[in-house]
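By letter and in written order, the chains are A, B, C and D; residue numbering begins at 1 in each of them.
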Amino acid sequence: MKGGRLRVGVLGATGVVGQQFVARLAGHPWFELAALFASPRSAGRRYGEAVRWQAGGELPVAAARLPVRTITPESPPEDCDLLFSALDAASAEALEPACVAAGLAVATNASAHRLARGVPLLVPEVNAAHAALLDARSGRGLLVANPNCATVGLVAVLAPLAARFGVEAVQVTTLQAASGAGYPGVPALDLLGNVLPGIPGEEEKLEREPRRILGRLAGGEIAEAPIVVSAQTHRVPVIDGHLLALSVRLGERASPEAVARAIDEFGQPLAPLALPSAPRRLLRRDDAADFPQPRLHAGGEGGMTVAVGRVRRCPLLDVRLSALVHNTVRGAAGGAILNAELLVRTGRLGVRR
Amino acid sequence: MKGGRLRVGVLGATGVVGQQFVARLAGHPWFELAALFASPRSAGRRYGEAVRWQAGGELPVAAARLPVRTITPESPPEDCDLLFSALDAASAEALEPACVAAGLAVATNASAHRLARGVPLLVPEVNAAHAALLDARSGRGLLVANPNCATVGLVAVLAPLAARFGVEAVQVTTLQAASGAGYPGVPALDLLGNVLPGIPGEEEKLEREPRRILGRLAGGEIAEAPIVVSAQTHRVPVIDGHLLALSVRLGERASPEAVARAIDEFGQPLAPLALPSAPRRLLRRDDAADFPQPRLHAGGEGGMTVAVGRVRRCPLLDVRLSALVHNTVRGAAGGAILNAELLVRTGRLGVRR
Amino acid sequence: MKGGRLRVGVLGATGVVGQQFVARLAGHPWFELAALFASPRSAGRRYGEAVRWQAGGELPVAAARLPVRTITPESPPEDCDLLFSALDAASAEALEPACVAAGLAVATNASAHRLARGVPLLVPEVNAAHAALLDARSGRGLLVANPNCATVGLVAVLAPLAARFGVEAVQVTTLQAASGAGYPGVPALDLLGNVLPGIPGEEEKLEREPRRILGRLAGGEIAEAPIVVSAQTHRVPVIDGHLLALSVRLGERASPEAVARAIDEFGQPLAPLALPSAPRRLLRRDDAADFPQPRLHAGGEGGMTVAVGRVRRCPLLDVRLSALVHNTVRGAAGGAILNAELLVRTGRLGVRR
Amino acid sequence: MKGGRLRVGVLGATGVVGQQFVARLAGHPWFELAALFASPRSAGRRYGEAVRWQAGGELPVAAARLPVRTITPESPPEDCDLLFSALDAASAEALEPACVAAGLAVATNASAHRLARGVPLLVPEVNAAHAALLDARSGRGLLVANPNCATVGLVAVLAPLAARFGVEAVQVTTLQAASGAGYPGVPALDLLGNVLPGIPGEEEKLEREPRRILGRLAGGEIAEAPIVVSAQTHRVPVIDGHLLALSVRLGERASPEAVARAIDEFGQPLAPLALPSAPRRLLRRDDAADFPQPRLHAGGEGGMTVAVGRVRRCPLLDVRLSALVHNTVRGAAGGAILNAELLVRTGRLGVRR
């Protein structure tokens, strides 16, 4: 990295996704964790005291010592180059634009501005080209977003199909993990030996975001892909890992074998960029009859790979398959960090003076 | 009941479904539990000692005292009028026909003969007319089957739609309870905080059985309904209750409101028969956004009602909804008992001399 | 019941214990559910709309129609004879005495006044005589309390031991169900595939309350029993049913067989009173090696029986055993209702003019 | 390592503990995984095909390629220096002595020979000196055992107490993870929303093994420590991590603070030996009120550290505390590997010619 490591801050640092940012930024070769922001309730304490660490492994020592700070639209931090946002949508609404206006780069996991004009909604292996949306901006600040956690799994597996056969329509039913609702999130009484149908707001995101991500950049705008998505969502008693059962109507007919081959051959389009967080392969497919399973397979390549299985013919649409995405890693913090890495490598993001 | 209560036996009485038979037959007004059959491992002991009771409530005292007997194709019981079969498919293959040949009535939950010629595959509220298949038989013995547990939920909710609008195609994704795999069934390590995609053999049943159940009886045969079903199944960490997420293409377009009305108005077609196990309504619909949930809603009317929720437009097919069936009750033992009650009431089943 | 059924209200009616009160009062022969009270958030709506019903079975129709009301210390209800309180301790602090001062009977599950002078802390089969504490009161109002949910299981199984052998000390480790923390209560992320050691405030109650319950009434005061209790508590991923592993030092040595016999012979001391909610036996013992289990055995006699198993010698103290109590029934709502029934039957509680 | 890496084999390689051996031996600096043994059912296939990998992360590539072999008492492997045994007790009974007789070193997790004369039962940080039991043996073969998985947690936390204050008696109640029962192990229907009291055979081990481990080596024999242990065990719906609630009577009175200090100062007695698998500290103590929790804290230092919390006065014995041990790592495979490392470093185990 020319010019040294970027100083990064995390917004919403004590939450489930915030912790995942902290875990993954420890020892990052390009980014130096410089500031942690949370609600006034936590502010003033050391991060190690304010957080209820649940991100696996041990809380990184350097992060534990950082003071938790608050942030308001009126006081964007001056000592950061880049902010990773794990805010909820309501908080992100005003806070993220204020930080951008102050010249900061913001890589957000929040949904507030995902569909806003000029904001690339990125899964880098799928639509890195959309980063060019940023090139028309005035000023130094920028905002880049990753999609909804379940959407990431969906577009990841659709990408090779869209490229090779075209995708016209998708029926997707999700079985989503508890961590996707944050902490405290879902009460235990709702999820012990139970399933909750219908995650509020989730089906809309799953039906809309893929159209944008799989769309084409033309004339400084995204022309959405004409894909019809029908989503039915469920919360299941799983810690991490959103499982998706898909049925896809392709643009041109293809056998399950051809679809499996397209998935296997997708590889890692970002390989030439050597991004630190990029997995060797975006998609890992396995022929086992009960693959993929959230508890066993969500963590492939540190949670950055999407697991795919059960590719078979659909008697109604064309092909069916199952996909599994680690919701707090590839579907949130890991995805946002990869987005920022892409911007750094493509010269859109650097150290502020 | 003319001629007194029928003497009934249960095949596979120590298993999950077998226990449910025993629980529901205690105090049954028409049926008297007379014999319990299980594998040689249990034989010779009192049922109360041989069984690991998990069917809820307390093991009925009269059943606890019955000796567990074995049965072979060569030795159908002579002291029973009716057998309820909770056998696995392999055991049922030879045993059930042998019992029928010996003049016994068999109401089976096993899949072995569900699609056999002359065997009514019944959900009485949906296709009671198919019982007439039995009228062509020679001899006194008879075999009647209930469908796969998840299929019951599917056809229950399709029935009013098929009747009013026609049904052309269904995408169904299931989240199925652990009890559906019997005991010991699924290992805890596979299901704690996990989901297993792809239940062996289940998708085939879900795609085939509804065509027969919703078919028409004509000329002593069932003409299958031309419905395309695409099923994706999952085992989830739930005790009882299979949840189904459906998307349906109707024969004629209908609004979600019209579909909801059809469901609400379906009522209980069997009401005039006053069958002891029939619920007041086959379908219970609720508008709550997170209805139905297995732990809370599978047990409506003793588990005999199918819960329906989330009726809404589908951007791809026509209408989407969620359905929940108690798999060991309506989907198994309760369904089989209701089948037998139907046969009794329609004069097809009575006390053997 | 002379004078007709008592008009009863439930405080905290929308919570986990409040719902259990509502469920158990439907069809009660002596009590008529007349009023439901909850926080201002729910007030003004019908109970059926305000509640997220989780108490099993279906919400009783009559209760569903009742309006939810609020209550303050300044406005005790005038249309009730008896209040069942499912309040948290903080709310109960002022509210319950205000109701008593207004001449109401209050049977509370809250901990606020359990150890107060003049308040009987009752498990009727164990210490019904303590109800006489009420006889010295001035005025018509009265307050009776049931113990902490886990304490109920503890004193239930200690009662026959204390009576026959004396009890000097108890080591008790609990595995407590999620419903004991109310709703929303414990976050799913804390309890899926996990155990939480140390339930706040619980160990103190388990160590103190048994001394009072097993104490003697003398001179209008309770002389606490000199029993040393050491409690270690855990929250486990179970819906209902607190499991206790006990080791007991008896006053006089006794074999496990003698202890088991004492438990088996305890029976139902209240039998002559014919209280509607009293189970046939307080204690149900079983010799199975893995008895009792929360999911299978907490609900004996509608949840009013305490299950006891694994009685065996302790190499350190005298005898070890396991006990299981349904925490929201016998340990809360069912216990409070039984308390009120005892007061009615013993002439301490009746219809207000 | 003088003389190159030892060639090691794993007995019972496809089971839960066997997989953990395979995972931890990949890349081990001293040991080279050379052979995998399992039941005839798996034999002849590549390990990668025979195993249902559940040990976390990805199956090591080199192990996946190894053929699965069978072993009988008549055919101990000739191409191994050291065997790690994850056999069940029955299989270990004859097989392990046969391997020892053939000159092999066996580090076993099986219980069959744990209490046999001449077999060190080791937790190296606690009783490394017991390894000297091996010095009296004739022949090259040797057998070293690690204790029961829950026992490891118990003696780990007792070690500093025994050393500083003496330990006279212990009441211990366990909450043990599903993985401790192997695969398939406990049925999901037994553990979803449930707890099983009384793990067969486990209480005896917990009451006996600590006496030996904390005993003194004198005259070539272990003089057992006169500690009375009373154990009550439970299986809980947790994947990994046995939680223990202890109450301890010390030889000399000590405050909870003094006990906590003894735990904190225990450190890593093996530090001078620089064993590859030894954690920096055997015990990790934390003051948080709800520490330790299986899901969050069993994996400290790769699962080799025992987590300790809730140190407080006991009103009955002297001090209470909670301890958590990763049952398949420190309590099984990791412990056995550490045992072998100790033997290598102390010159008792080397490459066979």
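Heads up, the rule we're going with is that a contact is a pair of C-beta atoms (placed from the backbone, for glycine too) under 8 Å apart; a residue touches a chain by one contact, two chains touch by 3 or more.
These numbers come from a predicted model, not from an experiment.
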Remotest chain, chain D as reference, centres from CA atoms: B
Chain pair, A-B or A-D, that carries the greater number of C-beta contacts: A-B
Euclidean distance of C-alpha centroids - chain B vs chain D, Å: 48
Interchain centroid distance [CA atoms averaged], chain A/chain B, Å: 43
Inter-chain centre distance, chain A versus chain D - centres from mean C-alpha coordinates, in Å: 39
Residues of chain D whose C-beta touches two or more other chains: 54, 190, 192-193, 237-239, 295-296
Parts of chain C lying in touch with chain A, wherever the complex brings them together: 16, 54, 178-179, 183-193, 237-239
Chain D to chain C touching residues, read off their complex: 169-171, 173, 175, 190, 192-198, 200, 207, 228-230, 232, 234, 236-239, 243, 245, 247, 289-296, 309-310, 314-317, 320, 322
Residue ranges of chain D in contact with chain A within the complex: 53-54, 56-58, 192-193, 239, 295-296, 299-300
